[in-house]
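The same chain A turns up in both complexes below, where it pairs with chain B and then with chain C.
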Partner chain A sequence: MFRKPLDLGLIILIPVLFALAPFVYNNQLLLFNAMVFLALAQGINIIYGFTGYLPFGYVGFFGAGAYGTSLAIIFLHVPALIGVLLGGLTALVLGLVLSPLLRLSGAYFAIATLAASEAVYYVISNPGLTNVTKGPYGISLDKAYAPHLSYLTMAVIVGLVTAVVVYLKRSHLGLSLKAVRDDPLSSEMAGINVERQRMVAWIWSALFAGLTGAVFAWQISVFYPDTVFDPSIAIFAIVFTLFGGAGTVLGPILGVVVLYGIYNVIGITEPQYFQLIYGVLIMALVLFLPEGIVSLLKRGGINVL
Partner chain B sequence: MSSEAVLAAHDLGISFGNLKAVDGISLELKPGEIMGLVGPNGSGKTTAVNLISGLYRPDRGEVRLGGHKVTGLAPHRLARLGLNRTFQVPKPFHTLTVRENVELAAVYTRQEPSLVEKALEFTELASLAGRLAGSLNVGQQKLLDLARALATSPRVLLVDELGAGLGPKELDQVAQKLLELAQSGIALLVVEHLLAFLNQLTSRVLVMNAGTKIFEGNLAAAAEDPLVAEVFLGG
Partner chain C sequence: MLEFSLLAGILFGLFFGLVGLGLNLIFGVMRVVNLAHGDFMMLGAFGAFWAYNLLGWNPLITIPLQGLAFVLAGMVLYYILIPRLVALKDFEMISLVLFFGLSQVIEALAVLAFGNNPRSIFQPVFGKLPVHFLGQTFPVAWAASAMVSLVFIILVYFYLFRTRAGYATRAVMASRDEAAASGVNVDQISALAFGIGLFLASVAGMLSLFMLGSVSPDFGGGITITAFAVVVLGGLGNPLGTVLGGLLYGIALMVMESYLSSWANILPYILLLATLLIKPGGILGKEVRHV
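Presenting the complex of A and B:
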């Protein structure tokens, strides 16, 4: 399915570049956050770019992963890497629980996922559950703190999610998801199990948000519920995906590099200008470039992966 | 039911609220046979096709395919078992190419890849195979719908108003194609308003009105039937 060497090159190149980047650029936290947004943007790409379902509350899986990992490390005393896998598993289970939401479509689905992520947030931050989740007082993983290993783990996850998107782009599975998005009835008559295919995309998408949240928790090691359930995390990732171009491998990568780059150049020193530019940019995109900046390349006759 | 029927529907019925959209329809098709399903607008023809093809689960009655009960199976299961259909309003995958549209149907019903090219050539879409399906005209989209169905290697094909919106020359071509399919052994149930078109295909019709069967038999005899005349001409 993979067209070597281009596909494999891309899948390996991105994490390797991130792994080497701290040697030439010393703001490791910024690089780490870029990887977090890249993984989330590609995770959103899996569900939105291929099936058309836009998960506004995608951060719910991120937070579930962060808490799944933390509680596994604190209560089960597992090594951090095992904890990360359990964090991914937590988000996967949450994805299964929320799978009936796939019966909704369009804006209803988007809003329902947002409500679901808020519900998970309020359960976890509930002071009555302090013995279990530490409630609103937050988590401390000081014993597991390992900035370099967690940074490298994040690079591996970026490579994995890129591989999944490349696979979708190249395989009949990805094509069938786009068919389901175009017309579910015809898809059924083509022998495609529509419910199952949607579920596959949804679960992959949830899993990667969970793994990303898990490594994020491990990296920062001290956090509160509203750190990892902040809806703007999902909104940022969605904007990166839309800006670059959903349904492609390169779109979300370009989106993160360009927009997160701009954010770090002007957003931190002069946040008010950043918000202005961001708002204008989003409006311009929706009006003039709904398929993202990669569609400019396509119009120029360049076939975008 | 006779043993050689490939499709047998018995006493199918479904209601939407108080409306009995289909109320006790039975029919049988042998391999290679063509049956016309006619009736005025709203008489339940498309609903009957939706019941047989698994889009709706019937409130009562059963559907047998090759002797096996398939009532209530999901459409993708029926497609894999050899029952397929086209849609009144064609529903191709707009963002995929013509070939990808047909290829997916062959892949997900586990057919030989060679069927893709055969279906494209049969429907004369081979020269458009690289085009996006959304860029085709309605006539071409209808043929693509047919090609998508053929790529699943159906034993039974339900054709829902393939003729509507086609010109006289295209109608003749499509009629020839459907006759060829029947000769190859596929059983066809053809929902149609255009009786002249249907006349080219078969003499056997089932006439529906208000969800029930009011006539079954010869097309010429149907025209003589007082009840059919009343329903069609408003008596």
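Presenting the complex of A and C:
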């Protein structure tokens, strides 16, 4: 499936670079967060770039993964890596539960996913469920804490999600998804099972957000419900994807590298100035470069994966 | 207790109807979900707060001034933002992201200008005595806010069904292209509807100072979803539905707060999801599903 050497190179190169990066740059947490955003941006790319469905509440899967992992480690005493898989599974199940949302279109879908993620957040953080979820008091995974192993696991997940996006880009499935995105009626008449195709993209997307949330929980090991259900995590990832260019493999990578890089170089400490700049950036992006920086490269005659 | 919940629910329902009305008007005309709706509410609340604290004005007096300011601001914003967007193929999604960016800008500027503190107005500004009604007792601020909401709901009806611009607005809601073909100045009508939508948001924001206790600069995000839930409950693009949605939401909220208060904050999300999944067009809406 990965016929061109560039495909395989990209899939291997990115995680290897991240795995080696701590040897030359010592802020491992920053590198880890960059990987988290890269995986989330690619996860959003799978659902938005290929089906046009924009999940504003994508963070729900991230949080579900984080809690699935943590509760599995705390109550079932599983090893952390198994816990991560269970976290991914939790998000996958949540994705299945929420799959009726795919019947909605456009803004309805976007806001319904946001409502769903908030509903999950309020259930988990409800003081009445403290015995089950620790309620608003948060999770501590001090026994499972393993910064290096969790860092490397994240690198593997980034490789996997890149592979899925490359696969979608190259495969018949990706092609039919794009056909569905551009004209659902015609593609249905051409014999594409529209609902099934969307479902596949949705589940992949949920799974990767869950795995990412799971490893995130493992890496930071102490967190609260509002840490992992903060809607701005998903919105950041959406902005990275849009800024780079949705529906391409390189777009989200460029988006994360450029925007997350700039953010850390400037290092704005005042949250409201950061929020202001980020808001202006989103508006400027949408008004002047709605198809991302990849569209500039394409206009320059460079064919982008 | 149930009687109190039901009656208070109606008072809150009128208020929530007004909260959703501006959002729905803008959606109906432009097919844009104004994710900054709650932030315009917040600006309205702060306008009333400062007018009261610095000048001693009763919030009711500031309403006409707010009307002027928000209608103008809305029309200017419309002409800056929307014509550029309409040309894009993914207009609906892109506009969602755009208005999210706008909400971030407004929130950040509000924190810089007003600080991070929640603000409220001395409640007895509408009078001191509680209101007795059908054997129940309510704060006068609730009753006054419900009355103001009702007046604005009636005014919106008058505008939509009894004025020329209102006829044109409903024509644009039904079909943008056909309205343009019949000689309606679609941009002008939409800009006006956008301005009116923001004005309604600002009045609802002012009333939030009394109905919801206090307003801080980060008030916008949560109330936008609540407003969307109210609108979806009644039917997107249908203003009559929004009032019904508001009443249902208000009553459900008050009943939840009486009997299941620790779960009350999950209500808007559950109502929103349930409506979308069971009857996505809302109680009085049209079909929204597609292939």
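Rule of thumb we're sticking to: the second predicted complex is superposed on the first by the 293 of 305 C-alpha atoms of A that agree within 3 Å, B and C clash if a C-alpha of one lies under 4 Å from a C-alpha of the other, contacts with A are read in each partner's own complex, and residues count from 1 in each chain.
Rule of thumb we're sticking to: a contact is a pair of C-beta atoms (placed from the backbone, for glycine too) under 8 Å apart; a residue touches a chain by one contact, two chains touch by 3 or more.
Treat the numbers as computed from the prediction; the structure is a model and nothing was measured.
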Exercise. Who does A:Ile282 touch here: chain B (first), chain C (second), both, or neither?
Worked result: second
For this session: Mind working out whether A:His172 is in touch with chain B, chain C, both or neither, as first, second, both or neither?
Result: first
Exercise. Looking at the overlay, does A:Gly300 come into contact with chain B only (first), chain C only (second), both, or neither?
Worked result: neither
Exercise. In the superposed arrangement, which partner chain does A:Pro290 touch: chain B (first), chain C (second), both, or neither?
Worked result: second
Exercise. Does chain B (first) or chain C (second) touch A:Pro5, or do both, or does neither?
Worked result: neither
Seminar exercise, completed: chain A contact check, chain B vs chain C, more residues touched by chain C
Exercise. Does chain B (first) or chain C (second) touch A:Gly191, or do both, or does neither?
Worked result: first
For this session: Look at A:Pro127 in the shared chain and tell me whether it touches chain B only, chain C only, both, or neither; answer first, second, both or neither.
Result: second
Exercise. Across the two complexes, what residues of chain A are contacted by chain B and by chain C?
Worked result: 185, 188, 194
For this session: Could you please specify the touching residues of chain C with respect to chain A in the complex?
Result: 33, 81, 84-85, 88, 90, 92-98, 100-109, 111-112, 221, 225, 228-229, 232, 236, 262-263, 265-266, 268-270, 272-273, 276-277, 280, 288-291
For this session: Over in the complex, which chain A residues touch chain B? Could you list them?
Result: 172, 175-176, 178-179, 181-183, 185-194
Exercise. For the complex, which residues does chain A have touching chain C?
Worked result: 48, 52, 54, 56, 100-101, 103-108, 110-112, 114-116, 118-119, 122-123, 126-128, 184-185, 188, 194, 231, 235, 238-239, 242, 272-273, 275-276, 278-283, 285-287, 290
Exercise. Quick one: in the complex, what on chain B touches chain A?
Worked result: 53-55, 74-76, 79-80, 84-85, 87, 91-96, 100-101, 103-105, 107-110, 145, 148-149, 151-152
